[in-house]
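Two complexes, one shared chain (chain A), two partners (chain B, chain C).
Take a look at the complex of A and B:
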């Protein structure tokens, strides 16, 4: 795989009468996990959708640049809170969806290997309704990996999972997405403190970069630096500076 | 470890569960036996009413007379039933083709929808019985005119349901397809069409019954001119002749056809959706 690019987004966005964010300046480091932390409704997902090239409904005045200068088209993969699996297709068909839509020859061996990586080999022929929430997100992760996109946009993909499954999924995703540029949008300070190489906090007061804990992510759940960072982040969310 | 892994039959552990299993079994049997019992009792009551009160057969024939009629007039009823069946099935097939094609056109082009949807509604709300005589004048073949009538009645639910269905794809999945750079055709084929399937099948169930109703109405109006179409014409003719045994025989065959059409469309719907759609999946409660 070629080197994953960094992404730099700056500018302002808003609706006709309401400003969503102003003077944003966020750098998503190449090959790193950047966590964008904020409460609901602050415009986090809009940033992600802007990078993904999706309709946002807001007017964006600014620029999105990559560190290698090339366009992001076709290099982005996306995972959301909803698993976004086609309910009528099997796990394998869902994982192969992107290749099928591009009219490429589907590499079934690779798809099956990725499904094995996420631990769903026994469920390869099942439809999404037969899987648990955690399994569905793992299938979505396998599909994201299958895409081979170098910039991965994660929109609260773990927020609907129970605590144990979430911790497992965070580690699995971190391991499997290693080397790619990841932008994780989350409202959970613990998630940002655990996974971010960079942590960007977004509040009504504006956007600020926060120093991450000293240990490299994913940080152990009992790490003092991680716990302190989590508390500090929550504090900043509650009382914007 | 997972819901799916635990799914295989759990052993019956306590009395409460045994009672529930017993109740389920009784329900399954009762689902068939109760309606059958009601049918037998009604026919028996009908028979007793007719024989005890000596009701003349030209007012209400008894079930035995009707059964005898079905048997004796089979040579007449069977071809008539084939004609009505052909009419209904063809009308339904054309309704599917027309309804789905128009629904696709509507969802692909707002202009097409704006231009033509009001006329689809007008076609639907104008009573077919008022259009039938006109069709009879303008079309040479009585069968063709009757087919057009039945089609008009049957196509709207398919058009309406499929249009809603094609528009109801999950918008998050729409985003995913945008990121994958899917073409318009691919969106239709891989996202909109499967999303629309449950809606289409719902429309199909309604349209199946309506196609039969349309066929019967058309036969009443068009078959009257001595063109002798199907079961409904036979029924009408029998009423003129005061042959009430045959009239009831034709009536029973028509409603039997309706039940069969409903059963077939329900089965198709069940088979198409049982693997993935909420409406058809078996859930443990």
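Take a look at the complex of A and C:
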């Protein structure tokens, strides 16, 4: 596997009359999990969409650079809050979607191995409606892994899950995405404190990097450092602009 | 339960109809009694069957051709900005014309045979199918399109593998609507000029004051339309459930 690059984004974005963010300067560390924490509507998903090369509706004035200088084209995989599984396709077909959409030969053996990694082997021929929310998100994770992208963009992928499933999914994703450059956009201080090698907090006042807890992620749920960081992050989110 | 409800409604309608005949003492060439219509229907079953076959063929062919053209048009509109700019205004304009007004012209061009009736049914079906399918194609959930874009898919593959399957429920609605409209088109075509078909038989019976036969033809047409709708409805719903379960 080639080394995953870091991503550096800086600049400003806004709509015709409204500024979304100014003087942004975020570094997504190579091979690390960077958690971008912020309340709803602060523009964090816009940053993720800018890196993904997706339409944002905002005007962006700035630059997106990689640590190896190469373009991000074809090296990005994207996972959203909705699982975005195609309801008419089976788990296997959904996991192989990228290759099918590019007209490439589908590596079924690899897809099945990834489906086994996320624990869905028994559900490989099922369509999404027959899966639980957690299973659907695991299928989406397998589809993201199948893409083989070195830069993984996660847009609140665990926020719709119940607490237990969310904790399980966080650990599973962390394990399976090891070594890749991950940008996780979240509004949950606990998630950022648990998973981030690097934590960036985004409020109306601007963007700041926060020191992560001392333990390496994913931090145990009863770790004092994690709990303190979670409380501190929530307090910073609540400070009025 | 639904069938029972339908039978009850039909029974009630027949009762009201009979009551009107009895109370007003209407002559049989104005309003024949239900019993007389049933009797005529049975006595003329071979004649009715023959004309039903013609109208049925017109409707089914019209439905197939109209739906096919509608699907092709919707796909071209969805695939190309140029098509949207050029074909769409034409579509809207053709809908502004009352399609019924075209029936005499179609008969003039295509003759008294099947052609003009099928063309009429096609014209009447074409727009609802095009419009429903095109709407569906333009309303693909944005998340699917974002995902496909990050996966590096070409617009053609996105259309074929994401937008078309996502639009199938909308196409199903269009087809169900078409099944309701198709008989109207065929019968209007027959009214303007034909030598066969239930619409022709109705006109003929009316002209000869055989109101009972006219009613018998009308009910046959009604049954044919309901049968067509039920079949199309069942088939589309079954196919959709197989394709995209749980929606």
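The criterion applied here is as follows: the second predicted complex is superposed on the first by the 239 of 241 C-alpha atoms of A that agree within 3 Å, B and C clash if a C-alpha of one lies under 4 Å from a C-alpha of the other, contacts with A are read in each partner's own complex, and residues count from 1 in each chain.
In this section, a contact is a pair of C-beta atoms (placed from the backbone, for glycine too) under 8 Å apart; a residue touches a chain by one contact, two chains touch by 3 or more.
Here the structure is a predicted model, which means the values were calculated and not measured.
Asker: Following the overlay on chain A, give me a clash-or-fit verdict for chain B and chain C.
Answerer: clash
Asker: Looking at A:54 after the superposition, I want to know if it touches chain B, chain C, both of them or none. Which is it: first, second, both, neither?
Answerer: both
Asker: Looking at A:132, would you say it contacts chain B, chain C, both, or neither? Reply first, second, both or neither.
Answerer: first
Asker: Quick check for you: in the superposed arrangement, does A:235 touch first (chain B), second (chain C), both or neither?
Answerer: It touches nothing on chain B or chain C.
Asker: Looking at the overlay, does A:88 come into contact with chain B only (first), chain C only (second), both, or neither?
Answerer: A:88: touches chain B and chain C.
Asker: Please work out whether A:23 is in contact with chain B alone, chain C alone, both, or neither, and reply first, second, both or neither.
Answerer: neither
Asker: Scan A:209 for contacts with chain B and chain C and give back first, second, both or neither.
Answerer: A:209 sits against neither chain B nor chain C.
Asker: A:123 in the overlay: touching chain B, chain C, both, or neither? Say first, second, both or neither.
Answerer: Touch status of A:123: first partner only.
Asker: Would you please give the residues of chain A that touch chain B in one complex and also touch chain C in the other complex?
Answerer: 49, 52-54, 73-74, 76-78, 80, 82, 84, 86-88, 97-98, 100-102, 127, 129-130.
Asker: Using the touch definition up top, name the residues of chain C that touch chain A in the complex.
Answerer: 141, 143-144, 146-154, 157-158, 161-162, 165-166, 168, 243-247
Asker: Considering only the defined contacts, which chain A positions touch chain B in the complex?
Answerer: 49, 52-55, 73-74, 76-78, 80, 82, 84, 86-88, 97-98, 100-102, 123, 126-132, 134-135
Asker: Chain A touches which residues of chain B in the complex?
Answerer: 2-4, 170, 172-173, 175-182, 186, 190-191, 194, 197, 275-277, 281
Asker: Which residues, counting only chain A, touch chain C once they are in their complex?
Answerer: Residues 49, 52-54, 73-74, 76-78, 80, 82, 84, 86-88, 97-98, 100-103, 127, 129-130, 147, 153.
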